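Chains here go by letter, A, B, C and D, matching the order in which they are written, and residues are numbered from 1 within each.
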Amino acid sequence: MTGDATDPRHRPAHAARYAYLGPSGTFTEAALLQVPGAAEAERLPASSVPAALSMVERGEVDAAMVPIENSVEGGVTATLDAVSVAHRLHIVAESLVPISFVLAAAAPMPLEGVRAVTTHTHAWAQVRGWAEGHLDDVEFLPSSSTAAAAGEILRGETSAQAAVCSPLVAEQLGLHVLAEGIEDVSGAVTRFVLVSRPGPVPEMTGADKTTLMIPLPQDRAGALMELLEQFSTRGVNLCRIESRPTGGGLGQYFFSIDLEGHVAESRVAEALAGVHRSAPGIRFLGSYPRADRRSQHVTDDVSDAAFAAAEQWIGGIVGGASER
Amino acid sequence: MTGDATDPRHRPAHAARYAYLGPSGTFTEAALLQVPGAAEAERLPASSVPAALSMVERGEVDAAMVPIENSVEGGVTATLDAVSVAHRLHIVAESLVPISFVLAAAAPMPLEGVRAVTTHTHAWAQVRGWAEGHLDDVEFLPSSSTAAAAGEILRGETSAQAAVCSPLVAEQLGLHVLAEGIEDVSGAVTRFVLVSRPGPVPEMTGADKTTLMIPLPQDRAGALMELLEQFSTRGVNLCRIESRPTGGGLGQYFFSIDLEGHVAESRVAEALAGVHRSAPGIRFLGSYPRADRRSQHVTDDVSDAAFAAAEQWIGGIVGGASER
Amino acid sequence: MTGDATDPRHRPAHAARYAYLGPSGTFTEAALLQVPGAAEAERLPASSVPAALSMVERGEVDAAMVPIENSVEGGVTATLDAVSVAHRLHIVAESLVPISFVLAAAAPMPLEGVRAVTTHTHAWAQVRGWAEGHLDDVEFLPSSSTAAAAGEILRGETSAQAAVCSPLVAEQLGLHVLAEGIEDVSGAVTRFVLVSRPGPVPEMTGADKTTLMIPLPQDRAGALMELLEQFSTRGVNLCRIESRPTGGGLGQYFFSIDLEGHVAESRVAEALAGVHRSAPGIRFLGSYPRADRRSQHVTDDVSDAAFAAAEQWIGGIVGGASER
Amino acid sequence: MTGDATDPRHRPAHAARYAYLGPSGTFTEAALLQVPGAAEAERLPASSVPAALSMVERGEVDAAMVPIENSVEGGVTATLDAVSVAHRLHIVAESLVPISFVLAAAAPMPLEGVRAVTTHTHAWAQVRGWAEGHLDDVEFLPSSSTAAAAGEILRGETSAQAAVCSPLVAEQLGLHVLAEGIEDVSGAVTRFVLVSRPGPVPEMTGADKTTLMIPLPQDRAGALMELLEQFSTRGVNLCRIESRPTGGGLGQYFFSIDLEGHVAESRVAEALAGVHRSAPGIRFLGSYPRADRRSQHVTDDVSDAAFAAAEQWIGGIVGGASER
């Protein structure tokens, strides 16, 4: 899925070293394990997304896997902001991990015995419906991650009787699964990105995504339209858009955008250049293979061939060719 | 700021009762206290945003104050999703609360003595820069809210020596403030909305916002453009846009949008009707006064007067008036 | 084809009287003869398009048939300008007449004997290719119309041996046809419009056209785009557009536009109202049945039903309906 | 005004030879005389616009001056069509000639004595108001040009007593001017273009125009919008647009467009290339200096510098530059 990470241009001379949002056993580590070679590589858990990204910036690791979006909660805003603000990071791969939760305890016990549950607040939000239906008057005790919650249950460091965690960490720690598939919305996936220091852009695969951060030049009707016209005029599809406050006060925004396609494709390159003209503060955060491998449908009029033919035609005119 | 909440049409016959994202002392309660009359009203803390909203839906309270966006972290996605999914809720007011944090302990102590800090993970993300600069090798212990963290410090229920919390809760509980203004980004504000059951739309003030949820009819280049054209053609400004997965699998999206203006204004009403034609699943989540009171600039060609004049002109033609 | 001209609302109490661009026997009279009842009505030839229109304005005739476009030469600009400038005229019907020419002489003669040909300059332009191929070194003598040319040949009032004219006038005058179908582009048709004083707009037939004159408010990039967005946003197709100088100096323009649809259709009415807001000088010149009877394809999202549903939805919101 | 015509790249080795729409003394010859060197060059009158263009195509002349638009009548459609259809012609210069008419006779005479007037039908249309006000029941006798009419008056070859013609031809032929400035709309100008065989495009002057012929790929709502977006997205202003039937039956159109700018400017070149992608049948008919010398205002975001900066930025990304 993330074959580009093993591209010779990316592969470090030394053995690869990765950071990820820890602790061990989180969905993020599961995402990292999808990267070819990561299972054998050194994997360093970080206490937060910014901490993981700092390890990349300082050169302590080759890349970091961090969560960026899931189909239940939308953007994980801290990650997007951190990548956008960092000037020396780009995205080189994307991973999708199905989200499923189990209720796990240190020893077998009936559900009625569970009077307090520990997990991360986001995980709790995703199983709350199940919990209200199956656990009577249960108390929620927040933990810093689902893996941490599982560990606390294992070591008896919490007053909760059970943890909501991933099937994987329950298995790794040898916990007893009291209930599985307890997520309220089944089929959810979380999107993760692999972030590294700048280098060659991963090669185009025909099923790619490009991530951008674009400060909107003016706060007026039509400014967003004009921005989007740069994409639609070249047949470039967006797959995500979020206006985000710049942190400099309400009313100042930038746009975080994922689009379909790779910067090596003419329609994408020209659209990005078009945005750059009116919003020179645009930041390119990476072109990388889509985790879902869904290749985009590119119509003839925005194919690389159409761009090349148009380029040749206009070149002939400007060059004063005798036949137009 | 939220005078509409005292509008006779909204004011319940019985004494008002409000829910808010608790526990007591959070920024959300501070937002609620801005609502005229709320200081004297019954205020019920809820354990989560969905819980607060459920209390409104079940008629246990008149309205609920919940966080929806802050200028550091963007949308609070769970709230938006919960309001969008609920079919019997709308937004009637908006509040802004400046975000500032203090480091508070049960008794005076030097910063060097603080080896572990407890707070909500979002709050920790906003003071982490300060903490790394001022606290040596400090450990972070997550709590379910900043107010809960402060309470745990007061009652000695945590191994942390200090809590990151709001100035208000520190004062309410009588904690000692070790450092104040410790947020990494100053000037941040959090946006809250007051949600109630359907009723008359709050009256237009000239400085209003309207919130919508729009399922995108088709996943193709230009679909978003066509949607936005419905707004730009009528001079309607957007102040927030987020594409959000529907939860039904990656690739299916709806758009969460805030626009400038009130549904009672012709340009807004016609734009909404225009969207409705191609996206009949559009949901109107409320028109309400902007908390920042910033009135929009409406150009002449999209004023209510211009709409009325155009209406009269076209009516004369269709009606077969002799002079056109 | 032009059944609306017989609509009781249009039919004058007295016997109908029509003007047309004369003299007798022109394609314009042929167009007029398509109007039900015109064959029996009084038909007055006018010496020019403005003269014919003046007869309508002064009430001397009920309506006038004038040429407005043909598929070889595009807009007949004088007509468009005259209708646009007149404040008391509108278009109530459209006619199409196939354009075919014959070469006619007073008596039978070989083509080699034709050393000079008379006709209208526009007609000459349409047969010049044939003339160069079949007539040796022929001289062209301009006449004020093809019918006038035929008359001059009949009466020997010209030094030309033959006239280029319509098959009809050759037959009417008893001229000998030396060659027929001599037009360089076969299949050409000329479009004519029937112009009358203001009255009820002809009823919608489902295959209608609407003609507008729109002064462009500003001479800048995007002004035309914004104008056209008013149409495209409501799915309204244009079938003709021409920028035309206002006569007040180069650089000032208005747009002459034909669109598909009738002002009684919601999408057309709302588009016209939308244009009116930013260009209140817009002039409605008529909605009338298309001569080619080609009915337009109206997509669901811009059907009258979709407009009505959207109207009802937004009305429910503004009216404070409890269910949205 | 038309200095490019003397550009060494255009100047023929032999003495220049020009065709123009004759006969001698027309406004078209006046336009030609504005071309540097044309006064001394051989000037050949042609009987029609297509005849003049044929002389260019066959190499009998270096270039031809033909009328293309005037501020009273809009496009002179035959010229546009002829240039569009010809595959070996392009426009290298533009001339503007103020249109003013005189009433001229062979000898002095009172206006009451003028019972018939001869001139070209277009000229008659432009003085008809004056004629109706000053000449009692005057008859109009069409001539093939204003100059021909003047010649006929001089030689007594017409039953008219006076001709409507240009001041110049009246002076050249020694006619008596009975009235001057008789045009109904003063300040009118006619636009002429100088057409030659393909060669280097005239150099950019900063106040240029580009003429295009664009077949519309599809007859549907939005097709024209998408075409125009290619211009508006790059800040390219249109100064003329006309939809024109292709001659292949009603309902098939191409667009004749003049835009502000020169194909050597990045924004124009990229817009043309953008149109070429979806309408590869686009024809470039020339970039040439504007006769009115009005330089366009190019905003920063579409300047050549902005295009170059964007190009460099995107090149750095695609090239794998380490800093983005």
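Note that contacts are C-beta pairs under 8 Å (C-beta built on N, C-alpha and C of every residue); 3 or more make two chains touch, one makes a residue touch a chain.
Quantities reported herein were computed from a predicted structural model and do not represent experimental measurements.
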Pair exhibiting more inter-chain C-beta contacts, A-B or B-C: A-B
Distance from the mean Cα position of subunit C to that of subunit B, given in whole angstrom: 57
Gap in Å, rounded to a whole number, between the CA centres of subunit B and subunit A: 25
Two or more partner chains touched - positions in subunit B: 229, 232
Contact graph of the chains (line, ring, star, complete, other): ring
Chains that touch, pairwise: A-B, A-D, B-C, C-D
Subunit A-facing residues of subunit D, complex: 90, 198-201, 226, 229-230, 232-234, 263-264, 269-270, 272-274, 276-278, 280, 283-284, 301-302, 306-307, 309-311, 313-314, 317-318, 320-324
In the complex, subunit A residues that touch subunit B: 47-48, 50, 69-75, 77-78, 80-81, 96, 121, 125, 128, 140-144, 185, 187-189, 191, 219-222, 224-225, 228-229, 231-232, 235-245, 247-251, 253, 292, 294
